[in-house]
Amino acid sequence: MTRLEPPQMAERLAQDIPDGSYVNLGIGMPVMVANYVPEGREVIYHSENGILGVGPTPEPGTEDPDLINAAKQYVTLIKGGCYFDTADSFAMMRGGHLDIAVLGGFQVSADGNLANWATDNEKYPPAVGGAMDLSVGAKTVYVLMRHTTKAGEPKILDACTYPLTGTGVVSRIYTDLAVLEITDEGPRVVELFGDNSFEDVQAVTGTRLLPPA
Amino acid sequence: MIDKRVASLREAIAGIKSGAAVMIGGFGSSGIPFELIEALRLHGADDLTVISNNAGSHEIGIATLLRDRLVRKVVCTYPRSQGSVWFEKLYEEGAIELELMPQGTFAERMRAAGAGLGGFFTPTGYGTKLAEGKETREIDGVGYVLEPPLKADVALIKAHKGDKWGNLAYNTAGRNFNPVMAMAADMTIAEVEHIVELGELDPESVATPGIFVDRVVAQEGIV
Amino acid sequence: MTRLEPPQMAERLAQDIPDGSYVNLGIGMPVMVANYVPEGREVIYHSENGILGVGPTPEPGTEDPDLINAAKQYVTLIKGGCYFDTADSFAMMRGGHLDIAVLGGFQVSADGNLANWATDNEKYPPAVGGAMDLSVGAKTVYVLMRHTTKAGEPKILDACTYPLTGTGVVSRIYTDLAVLEITDEGPRVVELFGDNSFEDVQAVTGTRLLPPA
Amino acid sequence: MIDKRVASLREAIAGIKSGAAVMIGGFGSSGIPFELIEALRLHGADDLTVISNNAGSHEIGIATLLRDRLVRKVVCTYPRSQGSVWFEKLYEEGAIELELMPQGTFAERMRAAGAGLGGFFTPTGYGTKLAEGKETREIDGVGYVLEPPLKADVALIKAHKGDKWGNLAYNTAGRNFNPVMAMAADMTIAEVEHIVELGELDPESVATPGIFVDRVVAQEGIV
């Protein structure tokens, strides 16, 4: 079975970021997407700590200690970018002004529920950050995650077993095996990577998939 | 005469009582009032409720308040940053209380407090564990959670520049939670890199008008 | 009976604006208060259209067309003043950050209700502006108004007959005859102008007054 | 490529339909998009709902939309300015609908719409005629009124400077309602005195980030 590595997964998703989009990339694999958006497309990245127009990593020695992204890495501001406070930043998110949020995921359900902030480990302190706001706020939510857990358990399920981040929020799932779209009838496979067959993907999925149209 | 400058960090945090609810600005390491936190640690108040996006990491900032067991409760969105060993240790011990909420709800609740609102309906968190026990309502087909304002006794904030009237300007993304916290506390104390003359700040880029600020102190380089 | 003229009324009220106050002066008689605050007191004036630090009228020819106060008169910005948008401006008001609002009044009730935005003339279009927000928001509300209408009808009443602006919001009333304080027991006369007697003032008031303590 | 500049006022208001709800920024004569209003008047759409703090005065701005009977309803806080003869005339005739609300509620309802909130509890107006028929609630001994978000199809706003990404900076008190309206409408059209190069605006004093703006047009001097 063909399994994309994270950079390839990010690269595949990046093809679906249109020119002129306002995009928020979640912590982890999602931030890699910025590296692969095709040339010629102008995309403006939002960071929930109050930046619109996040630019690349600064040259060593030129870091501004206050200028970090949501993952707390040093970044720069592109020409035409601007700053605002967190309340304004989340107004931007919650108010439906961002075109796309790319989020990581622990689990996605057949009806587009997302679980990506807490597991069922009660001892480990929970942390939510901006995930819930992004999931309900962005016009389109893409989830970028492996198709299964390291142990091979399916992450696309009839219903999430982990605590939910948002309900009915996911539009598409980009995994290492395929691209799936959440439709009213359930998840539909819209692209199979390499020589993966629909049956291969269905076999490692915890809910019934619809075949490519 | 309005002069909110105080001469030292020690004076800046004078009067903070044990049991106080203290907002602390900043996100990650950006826009954090590290010197005020250190002054608060040395000040002696304990049983504090700390309201801040993160719960500190390594041996700096909020983590030192936790390490010295001055904090009873943390109200935040993301306590589990890299190196947040003190929070994790106390949490495991059951020695610290945690109130967790989504980051946008956190910011908006403080803004509501500062703006005199009694609460607001947000779609964030609807249908999730973080809405359990809260009033919810469906409006035009969308589910919302009612969230109350979030106030504090004191806000410790960090700005780039400040003047004697308490007007503040920030540096890049150092703004983050500082402006809403300034509005939401009974007493707001600002640590600034530079105290400037009245009129030196551009009136169009004062992100925190002085009316929200009670004390302004220049950094002393203690951390 | 001694009847102060508006400038004298404003002058009397101005004595009670402490050094270091943040103050909003309503349209009409209240704006005159700024002319009489004793020298040596630093007072910062707020205007609800987004100014903190309203300064005096500009020299002719130096007007900034955008820089007006709530009464739509040209003003200036003092050194140390700043600008913000209306949502932030009303957050400042509603959130209890202003020390004093000085408002005009049609009527004030014994329990501190204020009516100052509409009469009972249904044909005339109503207008409210920022009056309601100021009345509930400022820490202290002072009403500056004549003691009676032009026709001699009392304006301080058991209950307002005009539509209310806010309930239980008024701290003090500065009229042309006296200064009154709203207490839990009702309005108390705290100062009588000139040779006005308590009985004189009671006679033109529509509710029972308490004598000076 | 993101380029929100349009070449003319006519292009700027293209597509506004009869029956549209149109927010119009400004307070008194400050920060008003006079040229966009004139373009809208010539555009031909009628049966409009105008959402603006004032209802126009004399023979300029919103008053001309009223005079030409293009407006069905006005949503505002202070329709009765000096010289607001057209509003008063139409109101007396019963030829225009008025929805009146307190100014802070007006601004906050638009912010709520822009921020994706379902509504908020405000103390303003509690116990008054303007709260009649509205849901109220006592919270910690204070009475509050529940107010819903206020959206529009289009916002016409005015800024001092704008760039091709729609970032806007204002002049002094010309900001007023413009930033909240920019957030609250499906389509936001900004009239600016100067179009500047990308990067020319100070990123700390952009009061309306470009994400809220759809079209930017330079003044043509038509009014």
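Of note:
Note that the chains are named A, B, C and D in the order they appear, and that numbering of residues resets to 1 at the start of each chain.
Rule of thumb we're sticking to: a contact is a pair of C-beta atoms (placed from the backbone, for glycine too) under 8 Å apart; a residue touches a chain by one contact, two chains touch by 3 or more.
Note that the structure is a prediction, hence the values are computed from the model and not measured.
The fewest steps needed to get from subunit A to subunit C, moving only between touching chains, is 2.
Annotation: 35 Å between the Cα-based centres of subunit A and subunit D.
Centroids built from CA atoms put subunit D at 33 Å from subunit B. Averaged Cα coordinates give subunit C a centre that lies 29 Å from the centre of subunit D. The set of subunit C residues touching two or more other chains comprises 77, 83-84, 90-91, 93-94, 136-137. The set of subunit B residues touching two or more other chains comprises 108, 111, 115-117, 122-123, 170, 172, 203-204, 207. Remark: the chains found to touch one another pair up as A-B, A-D, B-C, B-D, C-D. Residues of subunit D touching subunit C in their complex: 27-31, 53, 77-82, 87-88, 91-92, 98, 100-105, 107-108, 110-111, 122-130, 143, 170-180, 207. The touching residues of subunit D, when paired with subunit A in their complex, are 1-2, 111, 113-117, 163-165, 167, 183, 198-199, 201, 203-204, 206, 209-212.
Only residues 108, 112, 115-123, 137, 139, 142, 144, 148, 169-170, 172, 202-205, 207 of subunit B touch subunit D when the two sit together in their complex.
Considering their complex, residues 19-20, 22, 42, 44, 46, 52-53, 77, 79-84, 90-98, 136-137 of subunit C touch subunit B.
Residues 47-51, 64-68, 72, 77, 83-87, 89-91, 93-94, 118, 123-133, 136-137, 163-167 of subunit A touch subunit B in their complex.
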